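Please find the structures below.
One chain, chain A, links the two complexes that follow: it is found with chain B in the first and with chain C in the second.
Entry: the complex of A and B
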């Protein structure tokens, strides 16, 4: 929506820009150079660096273009002798104390001050005085501060306060002694996101992880998707000699712009952790010993073929079944870190080659219930909605109101939290929170509905206007808030007035509660959109690709003969018709000795249990990066490649499809896709396709939601997978077998991967923030 | 008769003009060098095997800024940098080169690295006999490139050959 425009003249060029635009933005949009240090889009104005000075006609002195909004008929000159002189003088002042240690400074080669001096500065210095020297300080394992290099642009202070909502940095002292200081005297206690380092135009704030590792011009840059949480931030990995040295996203491409949390920025170091598996292991007696790929694959294939033959024989001879103990056959547990292509092939492998529907993964959000509820909703009310009902992560920034039910995005979904803060700060969005704890986002909230643990559904019923639920909410909550009828009604009435709400919810809302949530959302005026928050990089993809015991790819029920026929026709193999077991049921059956074989890919279902109890209970094959609990109980362990070592696509929690690119390779490992192919080949079965690109093509043909234009995805952007809008309603309601629960990772943990990241284990805040969710 | 006399004169004249060069050179200084029996004599600017210099205190001059490897047209310099610590001060700056390799399979002795160096740490020495039967021997590590540690008085006025890695008859440029 275009507002009123005004005409201005810059350097004899007529520009037509929207009223209220800052002059610096107007100039830059037209390709007119106006240098700046302190001006930063999205942050508050500072006018500290005085680099953007321009001549404005009728103004007595030079004006800072970063604080002047355009007005009708404004005449601006940006290339006069006076302006050039001013820029040169400002740089001379900055260089007065700035040390000339570019050769040893990590910023050298990508330093804004270097570039500015090269472009606008004087060729020689007139200062002969000694420069002020202060020793470099280490503020945290990842943040170093070199005070003399600082040019006091206050970008770090603002990004920490406004962007992150942490406010760990501040300015102390006055005049030439002005300095940036951390919140705890000599060290930082913050989210360790590294945004301050990233945004620093000079080498004053530098990264401990990247310290002295390389210079920017000699690295290769691979943009890929962070493998930690479900937000799917794009991170550009800097690689030198097959070693990842840093992660950032300075080009602001991707859904996250420049934002990254500690995991995306630093926690790539699990890749070369010493305990990384680099050779297959096979159980000989009680010990797991190293072996060759040929032997490992051969052993697994032989054992699986034997089980398969035995089961086929038993199926033909039904009499034998009665005498033998009933066994569940194969169980397959997939991962929420592997790519869509791998997830698709894994369930295809399980359903066609292994002939089982015991396929599942750790479900961290109830995407299946959400998709079904929305499909049924759109069938009930042939909608007039113009937009898909599932919001993308960036949509949050433009929403006029956000309703957060459960979860703690600050810890579990840093990008969603960043977007919520941006929405509140820049667009005045109103944040409504329904939560059992006082989470950090309350600082931005408009209305807060505190409740007791597990009462989220009651809150939704209250919002739907059910008086019994209102009664259940009244009284004092465990967090110490007193809930009154007035508070409840005020919350409901305020929310009712909102026009464009995005509902963000965590694992507190699952199963039938999701339908309740959709019903509540449909009562609001305007179109309500939804985001379900799931953990890990590809939880949504695992659900979409049918790593579920009751659903085929694209959420088609296994029990539906037509859906089965569609896949059987393409896969040229029958698919079992019965609904399979969930992860928990499979683990329980294993403990009872009821599973013939269990194949665990990139998951750790035995976390928190004693691996000894599971040894010898079944033929257990584990495919993972590390020897975690499940792998310790395995008969064969296959070392897999991580997300940074392969290509493919992943779908984030908002349903945005993005592309992984291979950054490095680890000797001895194979990608999950390669392992599936070699296992199938060794069993004498064919499992097509064998390349990620071909697999994606098959997914696009079999799962209509993924049949979206790929140009953007291939170019490193994101594309939302099609939403269930207009998608015909599914006859059978989703069967909710199996638990849906969050892994409750904090900012400093990330499941198994987090245990093997040195940086995540090094930051002291890890010990303070133990739990993101209720204890 | 006349033709015989003429022949003698011509022969003598030819011998004289030929020996003129011989006799003239006989009294000039010798320029031929007796390599390999004697050491060759190089000009100061000769670009031979690199030497990583030390400062007056014996610390390494290299601060691992990677500018030499950036300037190198044949991409033969490999560096890894590390922090100087209070216990272990290797260079005068904040950082030093923990790994500094030059691959002499690739080096073309163009001297760009020497020009790029902001601390005059890398220089060309006069060592030149680098041939080897094994290519891996041609990857020189820092230990082979580094100047010998000397006391301060020696570096100032003493024998320049002392500062070379394997002292033949070079002098630092």
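Entry: the complex of A and C
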């Protein structure tokens, strides 16, 4: 996609580069070194540090390569005596007031200033005055500032303002007194993302979680996927002695580049929370007491086998059943955090060994409806099938328009929000928002269609040209906006003109409304792609892997004999044909005493309820990290390993498959996969495969969408699970059952897991920041 | 917050002069300061709001320019230049003299709120160094004696 190019000469090398490229980029692309501090790709130009000075022929003085765009015939020298001298002087100047406390500075060993001085000299100083000293300041639980180390590159100020859209940092005073200042005098009130800390080339901004704890060369680095929201950022965990000391992504690999929100960067601390379960628990009377893995697994297997035997007997003897109260048998509630392999095996375990379709998880986005609606759409309009209908998260940055329906990405999907801001800032993308609240992204928006909560579908009908829907939207909204016919038509007309739209939607759009959304999207004049926003790290994977009462892996309807036969053949076991119960139904049935056994893996369906009400109502087995409401009601509790303690794959909300790598281990816990295998073995059943790699292989064979090239995923990259050209319509429409709703997490909460992150509980914004209301 | 009608008038005219709102920041701050003597938190917040800036952005600007202040100054705000040209022609001595004479440290105001003193960088009057600026008035080629005379005149004109 090369536009017009120009020829330049740098140090006797001929380069051909796109017109308008910055000289510094042109040089770097060709492997010619131009040092810099303040230049930062993606942020506005600052030209503050003067490290990038080069000679340009015909220019009287040295020029900053970070601000000069290349022009035809430009002749540049980057290695002359004058340039070397300039670099040395700039460094001497920067060091004039620098404390040079590298031996105690957190940045030592990975400091850009240290590297530059090492490379370009300036080992002696002619500056004889006393250095100006300012005490270190704590701005928030995560951000500390050490002013004398600051080299005033303004990267922190720009990343907070432009990248984060927060603008919490500023530059005050001038000359030698210039300092970076937080937005509330002596402290920060912001998103606490830590972007400013990571982007700081020196040790001026340091992290509350990591400061004075370790040196970069004594740690091991494990890149894995953040276990919090559904965006699936890659976070590189720095580990020393089996302890995670920090999270960041400085190599900018992964779909998020260097972006991480507070959760990906700091909220790994739940791993070693004191209340973490480290031993199985078993109920003795009213008490849950510690026990061995052997006894726990043995007890569960024996009880389950007994229930199975009783049910099989009852099934063979229908007379007996009529006298007994009808029971639903086994219920299985899976997780939004466990790996694809675990989810796949859990539903396989449920459907084959436990002989039930009562399998579900907390559904936070209607992926099933989206996949289904898209399949129908492409069946109707084969031309559509040629285009990838689902957008990847980075696609947002390149789209010319984004339509956001509901959700509040700033709080719920920080990476999506970051990408949207980048699209608007760097590529002039136009953001259309349909929302019942005044969300922060309105600042970037091009058009806003305000409405009352629950009217999102009306807005879609309006966009499809249905006049009754237009009527329903007119008038004043609860947010105080006046919706006129002009506003509505203008919104529709503008959107209609867009050629490349990515539609991003939250739980406001579920079920049949998803089909409506796709219908609206297919009426737009150009390409339309979609992103459904679901809450947790593997919500999408839980859906894809068939942790659903009505769908087998890959959204194959459980009621469809052919679909069942395909899996039965492979699994060598019959699968029940009737659609199972949803989470809510299972919980309700339990309360009525209608479930023989309930198996809850990595979820807390009794959140906010009194565990007492459920004690003794069913044989409840809970496998989790903490003793939450559901576990408190359990008969057996099995301590599980978290995402940072195992390998496998997860699929983010955009459908990108990524790899988890084990960073640390917690004594006493086992991975969910290991637990499934032990339970099956203790029941005398076989559950294959038992290794994550083999499980992924089976998934790839059984779920065609996952049959994608793996090299990239294994190397730590991401691959979209839906092969764009191989999109296959589903055989039959799927019945929907169960609710789809978001937990409405904020930046500082993470379902019930967030309760166990100290850092998330420490930041004051957790209480100050309220969800933007209608006002 | 409310500004006087005269100030409102000036601000409105200003806003019309600039296609990009934030460009009006410095003159707006100056006009407000001229009328109110200094820039209060309230004024800062009001101006930030009008120009669609954040408070920290306005604070950045104020802290950068020595002519903008967040504390009240005296009726006569004396700015003594000690930059190169003035320095060479006795600016430092003049500043020292002014400190003693008024019994003020830089940034302070006399108890009767008549004078405040500040050391400043070049005020563009190098050709007539050493120079000082009293509010918007320049005084050239000062000596300690001429300085004392100036102070006497200003004291007289207070009534």
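Basically, the second predicted complex is superposed on the first by the 758 of 775 C-alpha atoms of A that agree within 3 Å, B and C clash if a C-alpha of one lies under 4 Å from a C-alpha of the other, contacts with A are read in each partner's own complex, and residues count from 1 in each chain.
Methods note: a residue touches a chain if its C-beta (ideal position, glycine included) is under 8 Å from a C-beta of that chain, and two chains touch if they have at least 3 such contacts.
Predicted model, so just to flag it, every value in this text is computed and none were measured.
Novice: Would you mind checking whether chain B and chain C clash or fit side by side on chain A after the superposition?
Specialist: fit
Novice: Quick check on the superposed pair: does A:183 touch chain B, chain C, both, or neither? Answer first, second, both or neither.
Specialist: Touch partner of A:183: chain C, not chain B.
Novice: In the overlaid three-chain picture, which partner chain does A:211 touch, first (chain B) or second (chain C), both, or neither?
Specialist: first
Novice: Once the shared chain is lined up, is A:494 touching chain B (first), chain C (second), both, or neither of them?
Specialist: It touches nothing on chain B or chain C.
Novice: Touch check for A:438: first (chain B), second (chain C), both, or neither?
Specialist: Touch status of A:438: no partner.
Novice: Angle at chain A between chain B and chain C: what is it in degrees to the nearest 10, using CA centres?
Specialist: 80
Novice: Report for A:136: first if it touches chain B alone, second if chain C alone, otherwise both or neither.
Specialist: Touch partner of A:136: chain B, not chain C.
Novice: Going by the contact rule set out at the top, does A:168 touch chain B (first), chain C (second), both, or neither?
Specialist: Only chain C is touched by A:168; chain B is not.
Novice: Shortest C-alpha to C-alpha distance from chain B to chain C once the two structures are superposed, in angstrom?
Specialist: Minimum over all C-alpha pairs of chain B and chain C: 30 Å.
Novice: Name, in rising order, each residue of chain C that touches chain A in their complex.
Specialist: Interface residues on the chain C side: 54-57, 59-60, 63-64.
Novice: In the complex of these two chains, what residues of chain A are touching chain C?
Specialist: For chain A paired with chain C, touching residues are 167-174, 181, 183.
Novice: Give every residue of chain B touching chain A within the complex, in rising order.
Specialist: Contacts found on chain B: 63-67, 69-70, 81-83, 93-95, 118-119.
Novice: Considering the complex alone, what residue numbers of chain A touch chain B?
Specialist: Touch list, chain A to chain B: 101-104, 108, 136, 211-215, 217-218.
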